[in-house]
Amino acid sequence: MNHHYTLTISCPDRVGIIAAVAGFIAQHGGFIVEANYHTEQDRFFMRQEIRADSLPFDAGEFCRRFAPLADKFAMNWQLADSAQNKRLVILVSRQDHCLDDLLYRWRTKELRVDIPCVISNHEDLRSFVAWHGIPFIHVDMRDKAAAFERIAALFEQYRGDTMVLARFMQILPPALCQRYPGRIINIHHSFLPSFVGAKPYHQAYLRGVKLIGATCHFVTDELDAGPIIEQDTVRIDHGDTVDDLVRYGRDIEKSVLARGLRYHVENRVLVCGNKTVVFK
Amino acid sequence: MNHHYTLTISCPDRVGIIAAVAGFIAQHGGFIVEANYHTEQDRFFMRQEIRADSLPFDAGEFCRRFAPLADKFAMNWQLADSAQNKRLVILVSRQDHCLDDLLYRWRTKELRVDIPCVISNHEDLRSFVAWHGIPFIHVDMRDKAAAFERIAALFEQYRGDTMVLARFMQILPPALCQRYPGRIINIHHSFLPSFVGAKPYHQAYLRGVKLIGATCHFVTDELDAGPIIEQDTVRIDHGDTVDDLVRYGRDIEKSVLARGLRYHVENRVLVCGNKTVVFK
Amino acid sequence: MNHHYTLTISCPDRVGIIAAVAGFIAQHGGFIVEANYHTEQDRFFMRQEIRADSLPFDAGEFCRRFAPLADKFAMNWQLADSAQNKRLVILVSRQDHCLDDLLYRWRTKELRVDIPCVISNHEDLRSFVAWHGIPFIHVDMRDKAAAFERIAALFEQYRGDTMVLARFMQILPPALCQRYPGRIINIHHSFLPSFVGAKPYHQAYLRGVKLIGATCHFVTDELDAGPIIEQDTVRIDHGDTVDDLVRYGRDIEKSVLARGLRYHVENRVLVCGNKTVVFK
Amino acid sequence: MNHHYTLTISCPDRVGIIAAVAGFIAQHGGFIVEANYHTEQDRFFMRQEIRADSLPFDAGEFCRRFAPLADKFAMNWQLADSAQNKRLVILVSRQDHCLDDLLYRWRTKELRVDIPCVISNHEDLRSFVAWHGIPFIHVDMRDKAAAFERIAALFEQYRGDTMVLARFMQILPPALCQRYPGRIINIHHSFLPSFVGAKPYHQAYLRGVKLIGATCHFVTDELDAGPIIEQDTVRIDHGDTVDDLVRYGRDIEKSVLARGLRYHVENRVLVCGNKTVVFK
């Protein structure tokens, strides 16, 4: 993976945006590795990946020079530097399949992120996390308000970019959700919007569906209703018990979360109302 | 496809059912082509396919001889004869992709059924149905009560075994649903239980799901809530419009309906509460 | 579907191509509906969909004005006008599932193409094609050389853009393949490169694979070895006979061919050596 | 998971086998949890799962009493006791995604096996295996003959039931393959029979396929040609590099191997010529 900058933009749609942005990049010799566009409801979304070594200046200077153009088009925009890993603070309860999967992808550098700490309301996973050399922090949930204050404080202290609920079986308070829009990612163990809330595999079993699924989404203050980043399904049949569903579900949860997180850390996910644009 | 009988059974679970049934069949030299079992909530489900030419008697005599054994185990049971095609009465509105698909499978004998008539609340598809030599009957829906009475009468008159709602955009009255339990099959254009009712693709678009689906289910008096026979999903992305969803949906609707109907006409679907056992 | 132009380009990769093309379009007020890029082995591939009504001139004038820029970058390029349907000449033998599927998509305008004629080495499908009002032409294959000369002549006479082998069970002579590079599309009933040549389902059955597939590809003078446009697979199991494989295969063949053709007629497929770039 | 016995049988097909076996089980009060049958080329395959506590005797006595019936039908048969875990000896090189996945499933008891040791031709994975408390044995491959003798000796010493090649990048000598028919399982990183041998992702990239796959199969003395247990595929596109293929491949390899092994350890896989019957 070469050093590159990723420019993400959303702005009111009009003629000439691509020309202006591509013109700006070309004028400085910038080599575009990947470019994606999308228009929805009169709003334009754009992602450009530019090789860092093709530009005569660094990210800071890029931003200074790009700002006037951004202003002209009323852009919401960001420039991400691939040399700066995103910092994921992972929250987990007892189910560790997603955590295990993320730590594997982290330690093999498949997922280029930093994991400054893992937070849990149980002690079970301390040894496994510690083997990776990552701080493991237990938070007592008996006083929920205090617990979530502590979680927010830890997220700040460890300079987290994104909070990942990797099967964290606690509902975040609305204020916390609102504080970090687009920065808290959950994996829900159903194909949303079916089976919101508790025990989705049990609900799926009782309804007799023929496939089950998992959903990776941004957390908002409405339970399991935030913008969906990634989903997938797997076939089951009448012979499968709830335990079988849970087992199939583990595999699909971890792959959906891993894909969703990968899109997010590569700055491929732009929020558009209560939906996402995912530039793959 | 050789001539065979299909014996389907459900009864309270206990030791010795398979032995008793297999023993009965073996005692008469019956050659079992396929056998499936399932237990759920203390109830036992069973399907046996037996080569007709391996038995020394016909279906009627099989039933007479099997009855005492069935009584002993308190069985609900049926013997289907592959020489007797199931008769499907198809109801359709204007969207003809499912109808087109079913007629193709019928005329190429992939789906071994009779289609005594096609009923529609529009005239649009008359010519295509007529080309197949199948009666096309238009029913005026302005008086709904009269229309559904006529539909029920036509179903009886044409000796229908199963009523297939192949994108029939009318809600059947509860009394009609209750009159034919397990005999009315619908294709719903969403992955149920998500997006019940009208305009499911529009609902899916607004929710921003990353896959859409279709559901083949038995019709009960609760809308889109009957036992599910078959489902499937297909991936979409942010670039797809509602029209794209409708287009992808057509392909998945017709394949899900075709598979569900195939299971049904091969006597592979047994109802178990509000769920189905599908012996594939 | 609005009236639009699709500009497809391939050229040596260098800095500034996107800027130059987007700049040209913006300079004339062109509204870009969709844009895609790809670089492979120092070659750049590009597709732009532009709303026709946003430009002050027609397709001919676009081409005249664009030519100098295209020359400067040594582009292979084409401008397709959505108002001009591609003309598909379909060749078929006896298996009609792909033909049936294509004619359905054609008559419902899902696939925006013209089908000037259907050519077959059998008479079986005359009535069905005739019902659609499309000329059906029987070609006698006893003298193969003469037959293929006649096919090429018919393709010219009916001004075909693309020849579609929709389960045409004859191997085209190399000279014919070479005459129409990138213009003959075949559906092969296996997941290539497995099971080249005859009876792929039989080969798959004997090898004991757990999924079967289908491949839509451009025809070259090497059998089943041309650039692949689209593929898919479906799960089978040990209980499936060769006949079952053929049955599952029909569904996957027709959907793979339909998707591949759709990409092709929308000018989404660019050939790159023996591979394809498919801008979806 | 209750204590159960799994009876697997293959024998010449004839009338009365199911009745005889089910009759034997019923006669002793045996409660059948799951039963599957298959006929192929005049050979009958059968699997029965029986609750251990429903029988009045243990596995040894079951075998003694069943033997005469088995002889009468010329059965190949085995009775597996769920209380006896299968012992998997895992061989691995440097790529550890499959090993990581298997150890996770082992330590969470999702996969009910014993792993008496892990053998590798590299030292890289010692620490991770040691954390699990499993012996890690390095085998020097410079003298291949000696190395494979040592591997066979270790397999015996650790009383392995099955040798799992979890991305072991060495070709086993034919004599070793022949010594353990149906007991060596490999994961190959392509959708066989495509891309046999080295660098399958590279081969797939060059061929331009639109999906890649993985294959779990029994090892025989012909490279990558043994009976296939499980396969799967995943979609790629022109934008994916060989490195992307390798990355997607890791996920599919580990899930295909995990599923294949699960079928194997649950005695669901019966070899039938160069194919497998997999009773799911």
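As written, the chain order gives the labels A, B, C and D, with residue 1 at the start of each chain.
Here, a residue touches a chain if its C-beta (ideal position, glycine included) is under 8 Å from a C-beta of that chain, and two chains touch if they have at least 3 such contacts.
Keep in mind the model is a prediction, meaning the values are calculated, not measured.
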Chain whose mean Cα position lies farthest from chain C: D
Comparing which residue numbers chain A and chain B contribute to their contact, where sharing over half means same and under half means different, the two sides are same
Would you mind telling me which chain pair, B-C or C-D, is linked by more contacting C-beta pairs? C-D
Using residue numbers, check each pair in A-B, A-C or A-D against B-D and return the one sharing over half of the contact pairs. A-C
Could you grab the centroid distance between chain B and chain C? Build each centroid from C-alpha atoms only and quote it in angstrom. 36
Chain C and chain D: spacing of chain centres that average the CA atoms, whole Å: 41
At which residue positions does chain C touch at least two other chains? 34, 239
Complex interface listing, chain D residues touching chain C: 38, 40, 191-195, 207-211, 213, 227-233, 237-239, 272, 274-278, 280
Considering only the defined contacts, which chain A positions touch chain D in the complex? 34, 96-97, 100, 104, 108, 110, 131, 239, 247, 250-251, 255, 258
Show me the residue ranges of chain B that touch chain D in the complex, using the header's touch definition. 15-16, 18-20, 22-23, 25-27, 29-35, 37, 39, 54
